[in-house]
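Some structures are shown below for you to check.
Each of the next two complexes has chain A plus one more chain, namely chain B in the first and chain C in the second.
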Partner chain A sequence: MPDGKTADLEARREQLYVLMLEAERERAVATLLEFAAGSGFQAAVNDVLEPVLTRIGEAWCRERISLAQGYVAGKIAEDLLVAAASSSSDLLLDVKGPVVIGNVEDDYHSLGRKMVSVFLRAAGWKVIDLGNDVFPSDFIDAALEHGARVIGVSAMMLTTAENIRAVRAELDARGLSGRIRLAVGGAVFKLRPELVREVGGDGSAPSAIQAPGLFDRLWAESLEGEAP
Partner chain B sequence: MKDVLGIACGIFQAEMGRLQPRFPRLRTVFLDSMLHMRPATLQERIDGVLEAERPDRVLFIYGDCTPRIVELCRRSGFAKTQGINCCEILLGREEYRRLRRAGAFFFLPEWTARWRDVFERELGFAGGRGVEEMLREVHNHFLYLDTGVTPVPEDTLEDISDTLGLPMSVKMVGVARLEENIAAALETLHAR
Partner chain C sequence: MTSLERVLCALRGEPADRRAFTMTLSLYGARLTGCPVREYFTVPRRYLEGQSAVVRHVDPDIIFSPFVLPFEALAYGGEEVWLERFPPNVRKPPFRDPGLAEPLGEGLLLDPGIGYLVEATRLLAGEFGADKPVCAVVTAPVDLPAMLLGIETWLETLLFDPERSAALMALAEDHFQRLSGALFEAGATFVATPVMFANLRLVTPALLERTILPAMRRSFGLSRGPVVYHHGGNRIEDHLGLLADLPNVPGFVIDPRDSLARARETLGPQRLLLGNLNGPALAHANPEEARLLAAAILADRAGDRHFILASGHADVPYVTNPETLLAVRRAVIEAGAVA
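Then we have the complex of A and B:
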């Protein structure tokens, strides 16, 4: 039988899940802020938000939730991170990275990329988000400008995913493939996992919630690649 | 003799009604346009049609909405219209990219009439909450692509603009490019 604290956490998660599905953004954020006021922003992220977003992500994978519900869930998480950043919160923001992310040239499906950004930021990564329809050279210029060791490229369709090859080619041409690692993701990679290697990706994650783990690994690989 | 099976997105059903007499060898089946949102299900439906019909030659009048379409069209006996989505098929690559980069969100005739239902039921924006913000994050105007087959729904377009808070304009595109696109794909199909 769960103790009082565990039961309270479970009730809050359930409440937040329902509010997200009903697109009750303000009430959902208020719930999180109320919890953060008592337990801290880090606990609000780790103990309430992340488990609920994981559940949302699983439901998304099974097509049990709509595009709108996924979008609103991301906005709620974003609102909490903005609130944490604008207060003297205990949440560790921008302590890792930076990393560069964006949708590949010709791709305008931004929802997944935004979810990845939210999870990365919640895990302490500083994220440079270049948006939709990003040219290969722009990814690499931004990575060099900001000192990023990981570039995350998102694509939804097979033909746009194949445009990622141009990012790999640009990395190779500039001699940066050991130093800058390439994360790839998007709906098509779930349907065709073999595409990760085919387009020159160094790794992928099956869902946005697993993106921080992937970026940790790729960042470490980049450092190892430069070790004398 | 109708020796080519056309598998088309329902978004083009009215336009294909007009063009069908130009392509006497084409027999077309239409799939629900909302399957665009569910690529795995779209893939299953396509597999189902191919299994039931067992055609020698297939023309997809589709964008790259599921990997299955793109992969099949790399094989003999299959071809598709050029374009990553229905808007690019109607506009051509350069014009689509130009308009998309300028911030356009496109409305096509087939789903404009039921736009509320699409946003609320298909995309799940209960009561329309969140639609406006999501669209404004990446778009700055709406563009209705008039194919000239059905009358421009002026009142509906005004309603969309008022409700979602972005200016709406109409671009006459006709069906000529779609016709050329299909003809070119058929030529490819027969040349293989």
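Then we have the complex of A and C:
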């Protein structure tokens, strides 16, 4: 039988989950802020937000929730991070990474990339977001400048996903393919999972919410690749 | 029987000499004639030549006017991108700020891209309309704002700014009436409308009920001709029941991942079903695989008079083997008459 504290946490998570599904952004953020006021922002993220995001991610994978609901979840996480950053909160931001993300050359569909950015930041990653229409060499230059071991490239359509090959070619040409891992994502990869390998990706995630897990894995692979 | 008679049999549930079939071969005409894609999608007569080649090669029962939805967004501005073996696309949406999107009114039909769509439809109808239904493809009113603003901004507006979302929907509904009206006037038999933002994989149930479906009912109800509802690249089986009462919709194109049998259960025995070959996947299928895929679908629907074999998702890719298309046709012939 759960003790009082555990039961309270479970009730809050359930409440937040329902509010996310109903796209009740303001009420969801208020719930999180109320919890943060008593227990701190770090606990609000670790004990309430993250477990709910995990549940949302699982439901998203099984196509039980919509893009809009996933988007609202991202907005709620973003609102909490903004509130934490603008107060002297205990939340540890930027404790992992950095990583570089952007939409590949000719791709302007920013939704997925922005959601990935929010969920990565909520998981403690420092994110260098290069925006839309990023040249292959700019991804690599930014990764080298900031010491990133993972580059995340987003493309929505097949036509622009093909441009990711140039990022892979640039990594290979500079001899960085072991050290810098390439995450790819976007709607087209859900329809055609085999495309991840075809364009030279090292991995992908089924939804933006699962991006932190992917980046954890690729970061670890990068470190292993450099181990003597 | 002519193709038109065959398609009408499917619509009315009458026996036919064979199953009606079609594939979305808008782009493929350029492949068959060797016409550069940019010329094909800007000169209506080149498009007609391409579709004439499609008819000579595979003789589908329904032919398509140009499947270039991005032209509808580009009429408002933005940047286009042309690739060698793909239809043009929107590189950069016309508006960053939803407040800047204004209806074009009568100016819509003066846009060169829109003019091309209408004129190509007129040529197709003149050449083939007596024997074959001509299907014109029009963006769903609930999807046009996503093309004008980008998916994120439209989603954000739909979720959090009901006033602005109503204004954008009004723009899109006006656009739909003007364009579909011009295409019907040019001779289109029906329009097919791929719909993304009426899908529970994209929007919340509350948005669907309160905002999206009312807009679709208004638009389709005012349409000057029939609107075939296309799955828009997403599965629709689980919420098909919510779409069943949309006015002026005689049929539904079902996603290749959905079950036609379950769609039939949901829609009842007399609604036209089209599907559910995966058009883009034909590029990776050899002719025998394609024949077997088509044959399996035809066998599943053998007793269903209200069914047309059709490809779903996007256009059949440029690189698809011409023999693969013939294999689909062969499966249709082998399946025999619709009793």
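Operating definition for what follows: the second predicted complex is superposed on the first by the 173 of 228 C-alpha atoms of A that agree within 3 Å, B and C clash if a C-alpha of one lies under 4 Å from a C-alpha of the other, contacts with A are read in each partner's own complex, and residues count from 1 in each chain.
The working rule: a contact is a pair of C-beta atoms (placed from the backbone, for glycine too) under 8 Å apart; a residue touches a chain by one contact, two chains touch by 3 or more.
Nothing here was measured: the structure is a model prediction, and the numbers come from that model.
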### Query
Which partner, chain B or chain C, touches the larger number of chain A residues?
B
### Task
Classify the contacts of A:E34 with the two partner chains as first (chain B alone), second (chain C alone), both, or neither.
neither
### Query
After lining up the shared chain so the two structures overlap, which partner does A:A23 touch, if you call chain B first and chain C second: first, second, both or neither?
both
### Query
So, A:D90: does it touch chain B (first), chain C (second), both, or neither?
neither
### Task
Check whether A:E198 is in contact with chain B, with chain C, with both or with neither, and answer first, second, both or neither.
neither
### Message
Contacts for A:D8 in the overlay, against chain B (first) and chain C (second): which applies, first, second, both or neither?
### Response
neither
### Message
With both complexes overlaid on chain A, does A:D172 touch chain B (first), chain C (second), both or neither?
### Response
neither
### Message
For A:D106, using the defined touch cut-off, is the partner it touches chain B, chain C, both, or neither? Pick first, second, both or neither.
### Response
both
### Query
Common interface residues of chain A with chain B and chain C?
22-23, 25, 63, 66-69, 71-72, 106, 108, 110, 157, 159, 191
### Query
Mind pulling up the chain C residues that touch chain A in the complex?
81, 83, 86, 89, 91-93, 150-152, 155-156, 158-160, 199-204, 206-207, 233, 235
### Touch list for chain B against partner chain A, complex
37-41, 43, 64-67, 70-71, 84, 97, 100-101, 119, 122-127, 129-131, 133-134, 137-138
### Query
Touching chain C in the complex: which residues of chain A?
21-23, 25, 63, 66-69, 71-72, 106, 108-111, 114, 157, 159, 191
#### Entry: chain B contact footprint on chain A (complex, rising order)
22-23, 25, 63, 65-69, 71-72, 75, 106, 108, 110, 131-133, 157-160, 187-188, 191-192
